[in-house]
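Worksheet for the structure shown next.
For reference, chains read A, B, C and D in written order, and residue numbers begin at 1 within each chain.
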Amino acid sequence: MHFFASDYIEGAHPSILEALAETNLVPQPGYGEDAYCRRAAEKIRLACHTPDADVFFLSGGTQSNRVVISALLGTVEGVISPATGHINGHEGGAIESSGHKVLALPHRNGKLDAAALRSFLADFYADRDGYPHMVQPGMLYLTHPTEYGTLYTKEELTALRQTAEEYSLPVFLDGARLGYALATPSSDVTLEDLARLTDCFTIGGTKVGALLGEAVVFPRGTAPKHFFTHIKQQGALLAKGRVLGLQFDALFTDGLYQRIAANAVRQADRIRAALGELRVPLAVPSPTNQIFPILSNEDAAALAREVVYTFWEKADEGHAVIRLCTSWATTDEKTDALIAVLRQVLGGR
Amino acid sequence: MHFFASDYIEGAHPSILEALAETNLVPQPGYGEDAYCRRAAEKIRLACHTPDADVFFLSGGTQSNRVVISALLGTVEGVISPATGHINGHEGGAIESSGHKVLALPHRNGKLDAAALRSFLADFYADRDGYPHMVQPGMLYLTHPTEYGTLYTKEELTALRQTAEEYSLPVFLDGARLGYALATPSSDVTLEDLARLTDCFTIGGTKVGALLGEAVVFPRGTAPKHFFTHIKQQGALLAKGRVLGLQFDALFTDGLYQRIAANAVRQADRIRAALGELRVPLAVPSPTNQIFPILSNEDAAALAREVVYTFWEKADEGHAVIRLCTSWATTDEKTDALIAVLRQVLGGR
Amino acid sequence: MHFFASDYIEGAHPSILEALAETNLVPQPGYGEDAYCRRAAEKIRLACHTPDADVFFLSGGTQSNRVVISALLGTVEGVISPATGHINGHEGGAIESSGHKVLALPHRNGKLDAAALRSFLADFYADRDGYPHMVQPGMLYLTHPTEYGTLYTKEELTALRQTAEEYSLPVFLDGARLGYALATPSSDVTLEDLARLTDCFTIGGTKVGALLGEAVVFPRGTAPKHFFTHIKQQGALLAKGRVLGLQFDALFTDGLYQRIAANAVRQADRIRAALGELRVPLAVPSPTNQIFPILSNEDAAALAREVVYTFWEKADEGHAVIRLCTSWATTDEKTDALIAVLRQVLGGR
Amino acid sequence: MHFFASDYIEGAHPSILEALAETNLVPQPGYGEDAYCRRAAEKIRLACHTPDADVFFLSGGTQSNRVVISALLGTVEGVISPATGHINGHEGGAIESSGHKVLALPHRNGKLDAAALRSFLADFYADRDGYPHMVQPGMLYLTHPTEYGTLYTKEELTALRQTAEEYSLPVFLDGARLGYALATPSSDVTLEDLARLTDCFTIGGTKVGALLGEAVVFPRGTAPKHFFTHIKQQGALLAKGRVLGLQFDALFTDGLYQRIAANAVRQADRIRAALGELRVPLAVPSPTNQIFPILSNEDAAALAREVVYTFWEKADEGHAVIRLCTSWATTDEKTDALIAVLRQVLGGR
């Protein structure tokens, strides 16, 4: 069997396991007060060129979204998100469960357009003070890469940022797969850009080589008051915070984070090229580590006998969109083998 | 410096790190569907003699309490807890944040008495249907060991269980430090007893040798409907659930969990004996891995120069209660060294 | 000035004020335990032919929606609603504030189609147990009349009911303006039908002649456990519940409720006829007491100098949808006067 | 039967019914934008000597507490209250349901002592930044009169205010029965004092002569941002807000509010005097319209045959505390009749 279902099917990059083993018996205070969290935070500040950033380490993506969004929003405020935003569909209602509406706007390939944002806000504030019978827009949520593997350009992010700023909305960017964005050759958005264009963003570890962990970065040091208690209240505080700090310390040493992400993107590019040769259409033009081929139901079934992939959605009655995913652990050999299978199964169509 | 501040100052038991390393590249599905979670759940079912138990793996204690309690309670129900219960003071309002009141009852050394429980319930239901202007009692929360390291006897737990049952209240036992309870020679409560006397209980890993992780056990297979979605909604679902499964798999192999807990209790007994010789009074008669000496403020300050301990609370103007804590990683040598310091600092009083 | 902005610009029908005055000094128990609430509930049971119905009296529409929906849903469940449903946009996030997502489906003139509902549910349950990473569908919310004044037919409601039943979803119908639906000659849906086709529905008083008040009816006596405490917890319990009971007692005496609603619909029909003669297009084919003409911005501005109406939404850059609303208090004279103004302002177009 | 169970057993003061009748057909905008709400707010500002006050009108006491507290608190903050505070026991968990813990402190006759408050806060902030694992103190809640009918002195309120101010805690005073406090001859606290010593307080209408209604006053005009939306979100916004405005307009015309409250206190004083002559002990020294005699169970049963009172609580196995309550509608004749019954039933003991 060939495993391309997701970027979290393996454990962690070996450097992380080594770091865990080496430091195992060093006594450290709990709850993120340890030396490794401090060191990792410092390395992230350096990488982002934000000496004043507040950095926290949480366990997962939904958790980070929930903690950050519920901490940033006032009681009657909601979070604006493209309709495809992870918070809007795939987090079990985590945001609503903490009391806030997701204000879903139309998307294009998973991306929100500054014009669509502006149009929504202009309508809402047509009457100077906004419409008091409705949820008040409180912040903007974006994902990068998006749920479809697509990326914002620096220009697009800048336009969104400007629009949000005009309406005093903080911008929060969910980077659960951020490494793959940073490692995509065609992307012009850097860590430094994100730090400049957002009020908070996350650097995903779980899907980029860590066992678990997301770094939550407030680049200008504007973490909400009592943010530690927010983390605690949501059940998101690890007693052994060292486990998270150590991993980000390893990932931000010698550029490991982007290096392993670059491998995943390179392998995905090879798969994309092979699918192109096979004239398999893609549902979305994703340049990152996720690929969304459209297959006939028969081809999809045939492929499933040899490859573990993710069923994404029905394209039409006869076709399915599937997802293939590479990771830090995808070797040339594994990709070669997958391509061979693809050619064999899909070649004769 | 001698480190006895908590049982989470080190990393994980070496067997756990080995298991992580060995399985690192084996592809596995995410979200707890992996082979290790299944294997660990099976071993826990065996250890509890509960073939039908539902077993889930979460990251931490507050998280487990929050997920379980919010899943078990109806909207207008609250959770009964001894006033010292972890949920009532030290979880940042996690339970209230999910909409539920903690109905705090008086405690004795951290324990709730069946008579106190019965008295509260009898008053509430004095008027047949209960008092509809108040929060409805919805479940019972206990900790074992308690926040003071004390333990319920089988008789006490049985009485609490019976009382709860009369009022149709499910019993949830928070076992964040359960290993130390099971490993205490004077305790007559077994895993099997807990499975029989509760509707849900947790087996704490974080404080008993794991990097992170709590097993949530519904011994009779009565996990609330959609419990997986509850976990997801609360941000408690790890993409790489294998990290939790592997650890409990290791801890429940060859009795490792209780074996390493027994070491901690043995070391604590040695410290207790030394304090007894020094005639240092203890604030609470804890038989587990936590010790609560009462020191004069001067002695506490002197000790702090050589030992990292936890300040617990003010006893009176001139005295403090401190906490010393042992763990799976406390060696005979470390305990010897602590005892020498204790004798030196406290001996001349 | 002519006032047609809403159906809540006047006080109450005179019978209600008389009832308040007559009973003012009669001592009664509080919290809905009074004789008037009992009497009103009994009259509603009779009118619905549901001898076992549970009937509660609340203050307003958003409050009723919030209390009912949060009482019917489990923690991880959401409420399905047409996108235009009042709960989805105009209740300040009341549903999300109580922890639940509104699962918005496409609408046609404010109405949800059984086929659209079925399609959503079939997709969600494509994988036998549903998709556990998403909010679980927990109930169906409909309005009748809808926010656009439109009405379901008995056939449409029956189809929705059947679909909901197949998926075990309770149906809740928000009847904030129910009187106008019942009084619309072309409608074939009766109170009895609603009692048969829903699990809960409200009979709106505030917008149909009461000072305030909505009757919440569980026609089969299936009010959620502790529903009284739900009301209390949400701050929706009036100490002097008699104020609500008395009003519904009056409204359900000698058919007053439908009689005064019929007047409003008749006056609206006259206005619709006049607009038809003037060839003013309507945005929605509402047969009830709300009328939604599309006017050029200039006409809208001219009309605003003589008539108080509600701006509804922008139709396009040059046109606006406005709302004209009649009520129990709209006399023939008032309608005559409005029609004269309409002819004068819009006649020369 | 003689009715002294509560101060909400009758309807409204006749002036209120008259005002409703007189204005019934005057068209007014909805949602509190009407002329009567504006007029009532202005009269309240005058009565409080606070020209900048924000004034809102809500329906009931629990609702007001819930809306104000959830609007004033941040997500991880709790509200400090004496343990007997209405929010802590008798509001069905309304505060916790909106996500916040009630931090209950010891009371004396229903009152919180500034020293107890200071001691709690000093402990919490022993470590400069407070204890981040716990709910953060966010505001202070007091009732006046308390649940036991007792009153704070100006000196006591001033001390509480100073302590709260040192810790930057806003003070919210629940005046569900405020009229009776203001009308108690021995009390030295005026409306003006309350406006000076609190950040928000309520003026209860429901229990002081209105059909329903509480005025929420932010004396310095510091209502939280989007407070209107908070009201809407909680289901507390009446479409016909005029119903509330009109009542407070009437109550604050020619001192009606305090005048009718003074009658209730005077009648209560007569009952207290009679009980004193009968040597019936009182459970609490309440000087307002509530009286809490301690009766033997036999006497309580005998009295219940002629008087409708409220059972308050068990004093001991053989005795009960009951509550007798007067109101604006208690005439001299009704009080005479009650006293005669008291003498007859309790006189021969």
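Assume contacts are C-beta pairs under 8 Å (C-beta built on N, C-alpha and C of every residue); 3 or more make two chains touch, one makes a residue touch a chain.
It should be emphasised that the depicted structure is a prediction, and the values quoted were computed from it without experimental measurement.
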Next item on the list: Note down the smallest number of touching-chain steps it takes to go from chain A to chain D.
Entry: 1
Next item on the list: Consider the two chain pairs A-C and B-C; indicate the one with the greater count of contacting C-beta pairs.
Entry: A-C
Next item on the list: Please identify which chain has its centre, taken as the mean of its CA atoms, farthest from the centre of chain A.
Entry: D
Checklist line | Whole-Å gap between the CA centroids of chain A and chain C | finding: 42
Notebook entry, point to check: Hey, how far is the Cα centre of chain C from the one of chain D, in Å?
Noted result: 34
Next item on the list: Could you give the separation in Å between the centres of chain B and chain C, each centre being the mean of its C-alpha atoms?
Entry: 50
Checklist line | Residues of chain C whose C-beta touches two or more other chains | finding: 75-76, 91-93, 97-99, 132-135, 229-230, 232-233
Next item on the list: Flag every residue of chain B that touches chain A in the complex, lowest number first.
Entry: 3, 5-6, 8-12, 14, 17, 20-21, 23-30, 59-67, 91-94, 97-98, 206-207, 211-212, 229-230, 232-240, 242-243, 308, 329
Check: What residues of chain A sit close enough to touch chain D in their complex?
Finding: 31, 70-71, 74-77, 99, 132-136, 225-226, 228-230, 232-233
Margin query: Which stretch or stretches of chain B touch chain D in the complex?
Written below: 75-76, 78, 89-93, 95-102, 132-135, 314
